[in-house]
Every structure is written in structure tokens, then in C-alpha cells.
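One structure follows; several queries about it will come next.
Note that the chains take the letters A, B, C and D in the order they are written out, and that residue 1 is the start of every chain.
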Amino acid sequence: MNALAPELSVSRWLNLAGAPPPSLSGLRGKVVVLHAFQMLCPGCVSHGIPQAQKLHRLLAGRGDVVVIGLHTVFEHHAAMTEVALEAFIHEYRLTMPIGIDRPAARGPIPETMGRYDMRGTPTTIVIDRDGVIREHAFGQADDLSLGVMVGALAATPPRAFATEPAVSEDCAGGACAAPASPPG
Amino acid sequence: MNALAPELSVSRWLNLAGAPPPSLSGLRGKVVVLHAFQMLCPGCVSHGIPQAQKLHRLLAGRGDVVVIGLHTVFEHHAAMTEVALEAFIHEYRLTMPIGIDRPAARGPIPETMGRYDMRGTPTTIVIDRDGVIREHAFGQADDLSLGVMVGALAATPPRAFATEPAVSEDCAGGACAAPASPPG
Amino acid sequence: MNALAPELSVSRWLNLAGAPPPSLSGLRGKVVVLHAFQMLCPGCVSHGIPQAQKLHRLLAGRGDVVVIGLHTVFEHHAAMTEVALEAFIHEYRLTMPIGIDRPAARGPIPETMGRYDMRGTPTTIVIDRDGVIREHAFGQADDLSLGVMVGALAATPPRAFATEPAVSEDCAGGACAAPASPPG
Amino acid sequence: MNALAPELSVSRWLNLAGAPPPSLSGLRGKVVVLHAFQMLCPGCVSHGIPQAQKLHRLLAGRGDVVVIGLHTVFEHHAAMTEVALEAFIHEYRLTMPIGIDRPAARGPIPETMGRYDMRGTPTTIVIDRDGVIREHAFGQADDLSLGVMVGALAATPPRAFATEPAVSEDCAGGACAAPASPPG
């Protein structure tokens, strides 16, 4: 039922503060909260982004939960440019790592957004330590519910390591767009 | 460091819906969120009570997390009567079990409030499956933080059962007023 | 169309700070904002009362606009007593004059509430310098709209005094039929 | 004390819906609320712009109060472009007329912002029927206060027309020294 999270396709990372670019495969073993937004999406600006940033501030020190912003521009491409995003990040004092979803070869939907089949922004995706999608919510996620889910996943150890590599292998590349196989 | 939660002293329960009156000893093995409030406390009405009620709605179906309201009247006793609390519960559509903290033989501080040495209202106390106080916060608790804590505790199994009975025994009765001994 | 505001029927005033009990007839020539509330009405506590209190703070120094709270208890009479209201006023730091709507000889609806045919609480009634009801809103009134109306009425001089007695005498419309008893 | 409002210098108007570009001289006789913002200014997005838009919706039908947005870009010029502003207006469903403050020949401060000596964004400026600045507020303006002021000015007829040209000519006080260039 729950699918393995396809890898992120990011054309550029911001707010890395010297750290190497994150990847879901590299973060296996940690809980990942992925917040997909657009800087001109009202619901993102008023609710989703502050929530993600707050969760990042709250949990960044723990090391076992990682919050990642993803700028999934699927409309107004000429307005939501990289330089605009940089200004946005500066003005809203965002400190979590933020990836720019890589534009697709065809069509307005960027690659990661397409892989996850997101309906729009804001979208909150929670991935457990085994790389499995445990929540995929379009719209405003409730603070308490999100907190409970993240707290529970963070307190849950990963499953047997043996099942991981096989699954992980399937997901190395663009083929992850359709993670048909069930999680281990 | 973290103390075993002293037992509740409640003169009357509301919103039980036919269930037996809860006790912390009876809830051992579950996570308990205790929300101490006064119906005329502005911070309780605007933030704490809605938060507790929301958490109750969110988690009541799970069976392993219990949210309990505690009406800890320490001022304006003539105003915050039982009949007033009943009307308050009705108007604010509260459905979580709510206990009336038993008035003390002397002084304005009711018994449970005294046992926990609460500074005032709202106070949020989170108790783990082993009966240990994991959070004691005076003032407005943050939704995300509270959610993460509750989620984590709910995903954590209780410790060795062997240590429980002994501790539990010490706490059977009014003697819990001074939980001087450290948690197991 | 707009009816003359019936006089208030108040059994007791709070927050007068030594001033004589207000009456609408005595306030003729000033703009009056009447906020009818119940202390256990959620919409009053979260929105209406803070709005009235803010308007009071904002305009009390001007002398030509008067904000009056009216505790119109029509349910839970045993809960919303005078001593409870006093505690409520203290806890919520209310400083505007607040009248307790006089209980009716029969039925749960107090006298002023009946005279104005209020649907419930919160109700905001704005009365112009001539004593005419210019707004009667049940539910949450919008800050900007209320501000514009009050500002406009405050900037409008009263009409010719000659026309007042006539209007006052027959009350012009069916709405005035209710206040049969003379004001206190 | 209160200075005559310097004319707007706008490089392009949006949301005119076919109406001719507004000018303060052309709006003399009406109350004008000028909301200066930047699309990447958090306080503008969360408070100032919704307030201005709400005031516009509330009063646009009256004809005697005009709400004007002014995009006063003084930082991140490469991010807050015209095409970005168009997308912003679309996403936030803004319908009030919005002018783009004309970039100055030198320096980052656009012309109108310079003429009014604005400290930043959001800035709310209220201009009475005589073209006199009655409020110049930097930061978040309170809804009730703004409403009362606008309502009062809208209910106040303009002064004697004879005094206008004289005031307009020399601008009466030192504060008008800034708008050296003639209005458009």
C-alpha cells in the first residue's frame, strides 16, 4: 500500500550551509519530511512553509529527522525564478535545506513533483526510516497530526536492513516515477 | 530526574460517557496527556483547551494515548463552580474526560495541582507508558512540539514490567502528594 | 426603516469607575456601540469581547463614542452569575462599562435582549448620535466594517434637535413595540 | 502639520479594469488609502495586503473612498519584477488598482517612496478629500483604527474649495519639499 519514496530530482540546492546535497537514498535510516511549495502559493506562505521551518528548527538538532523544502514550480515559471526564490528565502528567514525541483524535459510539472504524482502545493510528504512514504497530504497539514506522526516515526527503529538494498536499487534513476513494487 | 506522576485526586468526573473513572495507575501502559485548566483562564480557553480537545479527537480512537482535562480551580472558586463547568463543557463542545481537581482541606490550591506543584494554568503534563512525567509545561504548549513528544512516547513500548508494581504501590493513595523518590 | 434604540434595562453595572450608570437617553448626542455577550459564549470570548474592548480602548478618550458591554444571559443562568461575571471581567482585563441585562419577569430572555429582539450572542448594535439603530449584527462583526461605520457616525453631527422628540415618542416602526417599560 | 500628499509616480498600473490611470490630483474630493508593499515582504503578505484588499472590497462600491496598492520595490529588484507581480496579483486574487512605483534615476528607492519618505513596507497612508495626509503608518496597521479613520474621513466633506489651489501650489510646509517633480 505505502510506496517507497522515489528519489528527489533537484537542479540546485539552497541553504545547505556547506553540507553535501541530500538524497533520499543517503538519508535512509532517518525520517524525512518533504515540504513541496511554490513561493507564490498563498497556502504555502501562510501555513505550509512556516510549519516546515518550525519543524526544522524543532528537530534539526536531533539528527534523526530531516526537513527538506522543495520548490516545485508548476505555474508562473517566469515569476518564480531562482533569484526570486533566493530573495524569498532571505526575507522569510528560512534555514532548512531547499531544493529546486528540476524542470521536466516536457510540460510544466517538474520532475520530482511528477514522480510523486503531487496534486499541487503545498504538499507534505513524510518518509519513514525505511524510505517508505507514510503520509502524502495535499493542502494544509495539521500541526498536531503532523507532530504525532513524525514523533512516532522518529521513535520507531528501521526494519530489517536486508530488505533495503533490493528496494533501493530499483529506485536508482528516473524509473522511480512509478514505484509499483510494495515496500519491504 | 523525571518523577513518577502522582495519582490524580478528583472529586468528580465529567464526560466519562459511562466509562469508569480513570486513574493514572489504571492507565499505566498508556501515554497520558493531562491538561490542567480553569474555565476563566484566557490562555486555557484560547489555546490549551482547544489543543487538548483536538489531541483527544485525534488520538482517542487509538487506545494507547489518553487525554484528560483537569479543572484545577485555585482562584475565583465562587465563579468556577461545577454547574458553571458543566455549562462551559457544553458550550465548548468538549468531549474528553474532565476531572474536577479535589479542593484541599486547607488553602486555595486543589489537591492534584498541589501534588504536581503546578505553577498555574494552563499546564500540560505528559506521562509515558511507565507512569513517568516526561513533560511539565506551564503556559501555551506548541502544537508541533507536543505532537512530536506524544507521537514518540506512543511509539515507545513500556520498560520492563518488573519495575512497575513496586513503584505503583508507593503511589497507591493520598501518600502520592510528595513523590520524593526518583522514578525507576 | 431604522428604529430608535430602546432604552437599556440593566440590573447592575460593573466597571463604572465612579461614573453614573449610563443610559441611552443620557448618551443622546454620542455614538454608542452596544456589545451583547455571554461569558460562556465561545464566539463572544474569542472575537466579540476583545473587539469591543479594543474599540473602547481606542475611542474612550474621544468622548463622543461610548462602548458598552451587556451581559445578556439567556441560557445557563446558574453558571453565568454575577460573581462569575466579576471574575470573568477581572481575568479578561475588561475595562469598558458592562451592564447585566435585567432578568425578565417570565422566560429566559432578559429584558434588553427582548426589547432589541436579539437572536443571540454575540450581537453588536451601533446607535448614532440621534439614538437610531444603524447596525444590528448577530455573530462576529468584521473589524474594518465596524470601524468604518463607527468612524463615519462619529464624524457625522446629530440631526436637527427638533425632529427628535417626535421620533422618540412613537418610535416610528414595529421594532420599537417591545420596549413598553420606561428606561431605568 | 499635515502635509499635502505628493503625487504618485507610477511606471505601470495593473488591475485598472479599463479605468484611466488614477492620480491623486484626479482623486481630490475622495478619500484615498495608499498601501505601499513589496510582494516578498512577509508583513505585507500576511497583514497589509489582505487588509488593503478587504478595505477595497468593502468600500469600492461607495465611490468616495479609493484604495490603491503601490508596489514600492526597494530591495531584491531582480526578484520582484513586473511578471512576478502579475503572478502574485493573480495568486492572491487582488482586485484593487496597483501601481508599480517608478524606479528612481539613482538609488534603490523608487520615486513615490522617496517623495513620501517612507521607511519601508508595509506603509499605509490615508489621504483626506482635500489631499492632505492624515495618516502615515509604517508596519501593521490595526483594522479597527484604520476603519475608524477612513470612516470618519469619508463622512467629512471637503473644506472650502477656494483654499485648495493655494495649498496645492506651495505645499504649505517643509514636509512637501520632497516631491520636487510635478505629478504625472
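Basically, contacts are C-beta pairs under 8 Å (C-beta built on N, C-alpha and C of every residue); 3 or more make two chains touch, one makes a residue touch a chain.
Just so you know, these numbers come straight off a predicted model, no measurement behind them.
Shared residue numbers account for over half of those found at the interface formed by chain C and chain D, and the copies are therefore classed as meeting with the same residues. The most distant chain from chain D, with centres taken as the mean of CA atoms, is B.
Taking the mean of the C-alpha atoms as each chain's centre, chain B and chain C sit 40 Å apart.
For the pair chain C and chain D, the distance between C-alpha centroids works out to 36 Å.
Chain B and chain D have CA centres that are 53 Å apart. Looking at chain C, one finds that none of its residues touch two or more other chains. In the complex of the two chains, the chain B residues touching chain C come out as 40-42, 45-46, 75-76, 78-81, 83-84, 86-88, 90-92. Touching chain C in their complex are the following residues of chain D: 51, 54-55, 58-59, 142-156.
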